[in-house]
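Input: one structure, supplied below.
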Amino acid sequence: MSDSTPAVVEHNPDLRHHFANMEQQTETAVMGMWVFLITEIMFFGGMFAGYVIYRHLYYSAWLEGSQRMDFWWGTINTVVLLCSSLTMALAVRATQLGHRKSTVTLLIITILFGLAFLGIKGIEYWGHIVTEHQFPGPGFRFAGPNTSQVEIFFSFYFAMTGFHALHMIIGVALVSFIAYYAWKGRYGAHYYTPVENTGLYWHFVDIVWIYLYPLFYLISHVHRK
Amino acid sequence: MSAHIASKKLYITVWASLIVLTVLTAAVSYLELGPFNIVLALVIATSKMLLVALFFMGIKYISDKMTIAVIVAGLFWLFILLALSMTDYASRGWV
Amino acid sequence: MASTLVAAPERENYLNNEYGISSWLFTTDHKRIALLYLVTITFFFFIGGFFALLIRLELLTPEGDLVLADTYNKLFTMHGQVMIFFFLIPAVPAVLGNFLIPIMIGAKDLAFPRINLLSWYLLVIGGCFMTYTILSGGVDTGWTFYTPLSTHFLDTHVIAAALAIFIAGFSSILTGLNFIVTIHRMRAPGMTWSRLPLFVWANYATAIIQVLGTPVLAISLMLVALERIFHLGIFDPRLGGDPLLFQHLFWFYSHPAVYIMILPGMGVISEIVTCFSHKRIFGYQFMALALIAIAVLGFLVWAHHMFVAGISLYAAMVFSLLSYFVAVPSAIKVFNWTATMFKGSITYSTPMLYAFGFIGLFTMGGMTGLFVAALGIDVHVTDTYFVVAHFHYIMVGGMVMAYMGGLHFWWPKLSGRMYPENWGRLAALIIFIGFNLTFFPQFVLGWLGMPRRYWQYSPEFQVLNVLSTAGATILAVGYLLPMVYFLWSMRYGKPASDNPWGAAGLEWMISSPPTTFNFDQTPTVTWEAYNYDELQEAPVER
Amino acid sequence: MLSNTFPLWPTRASTISGQVDALFIFLLMLCGLMCMAIFVAIVVFAIRYRKRPGHQATQIEGSNAVEFTWTFIPAGIFLFIFVWGAYIYFLERTPPRDSMDVYTVAKQWMWKFQHTEGQREINELHIPIGRDVRMIMTSQDVIHSFYVPAFRIKQDVLPGRYTIAWFRASKAGTYHLFCAEYCGTNHSGMIGDVVVMEPAQFQSWLNGGGPMGSLTQTGEGLFQSLGCSTCHRLDTQGRGPNLIGVFGKPVLLEDGRTITADENYVRESILSPAAKVVSGFKPIMPTFQGIVSEEELNALVAYVKSLTAQPSGAAQNPTFQGPAASKADTTRQR
């Protein structure tokens, strides 16, 4: 989280004035990032709690709703995100080793995977909202016994995957910001905290999806082809 | 900080196992296992999470105990929220 | 009291090392940010106080004759929202905590100075949204935003208010994050955990709650906003949505939030009681452990706000039992403060008067907490003025007293000037009297069954309401006095020495006001916390 | 200007209020004692150990023994208070079986009561002394809260669900009824009176009511006119489950769970039938959401309850013989 502009101090230009040495600064930044990720866990946690409660209350509606999910797009999206996590991890490793060129290429691949994920998500949303009118509210259409409870299921689907997609967009912006500075040679073996923190954020967003995927797409064993 | 830099091979194998687990959980979801469907899906999801967290996020190489305590505390608080609010909904019909 | 302008020796410190607007608006010095917070929350304190006065004036008579019903509903809603999110939660952590924690642990600044400035800007932006909400018509959902009222049955500025609190919430989260990382990683050599002042322990416990609780409030307010804008039916009862789900998510944060408000106050009181009894704290480990225990157990008790809301019988019993466990650490702390005074050498300066007031009123607030945690009694008194009196005893009697005490105790360090002692004692006395006259009658009103948030009430409650309104006016005067003489002391106050109270702690070993980087070189701590036996007593006449 | 009465203690008018007051007085004394102890200790210490020349503060680290005493003794006392409070709450949340049902519909800023004998009241509730009265309450819009200070009972009224509150009045008189959960503009106007009458007076008040059929008869009429009887046949096993003797008994559901058929289950099965389908049946029942009003829903629930051979079934209640159940066609108030 803590971006860095060089401050005038002896040997390492990136050492901020109030830290004793570089190691203390890096460990502090990583700890700060993890505390921030805990707030993100609790932020999504509120929605997961709502999901668990409603799944307990209206299981039949959850089954019906899950059968309307694009099972294949969901699976492909999971694979896309896992690949983006790989390239992100390799990018962080490349920065630590000081390979500027491979860092930039890996970060760009990560951005492409991120955009691919958002594109697939867009296709899914288009399918649910426009063609099948499953966005909650007056325009909601659903033939089936539990119409109103399925509307709650879709409310959760759009809320949780919507916030996840929002975090994805922030992630893509963050990575492109880091890629630009990496391309200009800001980071290297001596200073890679921003890249590492962006990597932590990206992997966190990936982990949220790792849980969203089974909870929305794999509830019922009957899948839409 | 001489951060532990894992070998590229390790990252690839972690990635491969993640893909395998994804395919597994997708395939298993076709079977009709009743209540075990959700249990199995969550077990696989949690193992994928651990893979990403330990290796990609480097929790395995974090030297400072306090950061690990922070991570564990975060998950425990999520558990508090889920478990205690479920005490209400699970025991609604018991009067 | 007019005294000539006393020229303070012009040493270079954090106040006079640079001037101009940008030196304030773009500072990353934790001490300047603390003063920025001080101005912001004082502004909102007087807005919230103004609403409180209007409410009390309306309640002078049983009929609703001062304001319309809708206006009254907006008054108590915004009184709650402004006071809680823009005064109580930021007050001690952001003002005193920001100023003192780096100094108390021997650091030059917080771990993330720029995030610290971002926190202040978030509070100001949230404050702008709140001010916009107030000026453009207000919001009348109650500070609790209960659904389905807030999502389907009101068309006031609910989204603007929710956004204001959402943004102010992130200011609180980032302050918490900053404190946790700073206290963990930036302590001076020798400053072990058992040598940390209890004020630092208190802010550490508060930071845990801020970081783990606030995001859940953020998501619940965001879901309310999404339901109003995009008709997401999560809380919509017509679709089968459960109205209790919002209450669970809301109170999961909002009960720990009351500990965010009181724990820093407890830290301040521990510092004041030890200094003005000139004695070590009684049972240091228990006091520190009690703070952490309150923070952790505070997360397990939230549904004691929902005993009659429709939760199941057995869930209510579980939460009632857990609520009694969280009361034990608070009891320990009160006993330890009292034991600290035993065999001390007690002076009656203003901070100590506020500490006496705090211990007394917080004890009454905590005791009435035992009443409302008992299931049988809570059914009768919840949502009545008994609960209103209970939480005002803790918030105003406890937290604001502690904040006032802390402000007086560290004022020499903040401004380099001494406040006028006798005016301070007078203000403390007026606040104590005004407070009790305002809120004690409300206990009786609540036991008689007067519901809260009532614009009109039945005639037999009038006498007690008139007493309460009288108290409110005295309280208002009590709060105005410090505002006046603090400003006066900035100009005409006697220059303060480094350690006017003879207090223990790193902050009393540097100049007042301190230099920008606090310490010339990082100190090494070799003494235990509250080492008053090694400190000679402060001169009797101050 | 000042009201004539200046009460300092709410009247005790229900059986539970005595126990609530007992716990309250106990806590008042315990906490009063503790507060006094601390105030006196502070004042004594402040004076006795005030700073004066020749007086030195003696440094005391603390003592674990003292700390443990004032940790475990308060914990013990708190547990005792918890058990006492939980006991009273248990009594308040478990209504006796043969209580007299009053169906309540809370609406933004008024209370509507339906007696099983057919009487309908707004913001007024007439109940007999010495009779367990069970309030079966739901809301048409937002959350309200049924609060009678004299009875020491309060229960939030939720939209989309029944909540239950019960009491047994022990003193005749007129008592305040308040709405205790903020519900919008006229929250403070949503008040009423609970009139507790001697049984004989109550009986004559009941008879004085208009020739409306009892709630169960209204429910029966609806059961026919809405076509429920076509599937839920009372003689044989139709396409829907036979509802004779269902109420209050455990029901095995299609997905293997068993739940007790209480008011909330009947209501949910009417409004969203496929949520909890009885095992062995298909989810073919259409939803009546938006077709059936809250009052009609209460009537249907009362009718389904009357199908269970309860000794004091609402319709065949020996003591409160409803007005001659005229066979007049049941007027359906939309």
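By letter and in written order, the chains are A, B, C and D; residue numbering begins at 1 in each of them.
Keep this in mind: a residue touches a chain if its C-beta (ideal position, glycine included) is under 8 Å from a C-beta of that chain, and two chains touch if they have at least 3 such contacts.
Computed from a predicted structure; not experimentally measured.
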Contact-richer chain pair (by C-beta pairs counted) among A-B and B-D: A-B
Chain A and chain B: spacing of chain centres that average the CA atoms, whole Å: 15
Chain centre separation in whole Å, for chain D relative to chain B (CA means): 43
Whole-Å gap between the CA centroids of chain C and chain D: 37
Junction residues of chain C - those touching two or more other chains: 180, 184, 212, 216, 238, 240-242, 244, 248, 252, 313
Multi-chain contact residues (two or more partners), chain A: 27, 31, 35, 38, 42, 45-46, 49, 53, 57-58, 148-149
Residue list for chain D, restricted to those that touch at least two other chains: 93-94, 272, 275, 289
Touch-based graph of the chains, sorted into line, ring, star, complete or other: complete
Interfacial residue positions of chain D with respect to chain B in the complex: 93-94, 259-260, 262
Chain D contact footprint on chain A (complex, rising order): 58-61, 145-149
Touching residues on chain A, where the partner in the complex is chain B: 22-23, 26-27, 30-31, 34-35, 37-38, 41-42, 45-46, 48-49, 52-53, 56-57, 71, 75, 78-79, 82-83, 85-86, 88-90, 93, 96-97, 196, 199-200, 203-204, 206-207, 210-211, 213-215, 217-219, 221, 223
Parts of chain B lying in touch with chain A, wherever the complex brings them together: 1, 3, 5-6, 8, 11-12, 14-15, 18-19, 22, 25-26, 29-33, 37-38, 41-42, 44-45, 48-49, 52-53, 55-58, 62-64, 66-67, 70-71, 73-75, 77-78, 81-82, 85-86, 89-90
Residues of chain C that touch chain B when the two form their complex: 180, 184, 208, 212, 216, 244, 248, 252, 299-300, 302-303, 311-315, 318-319
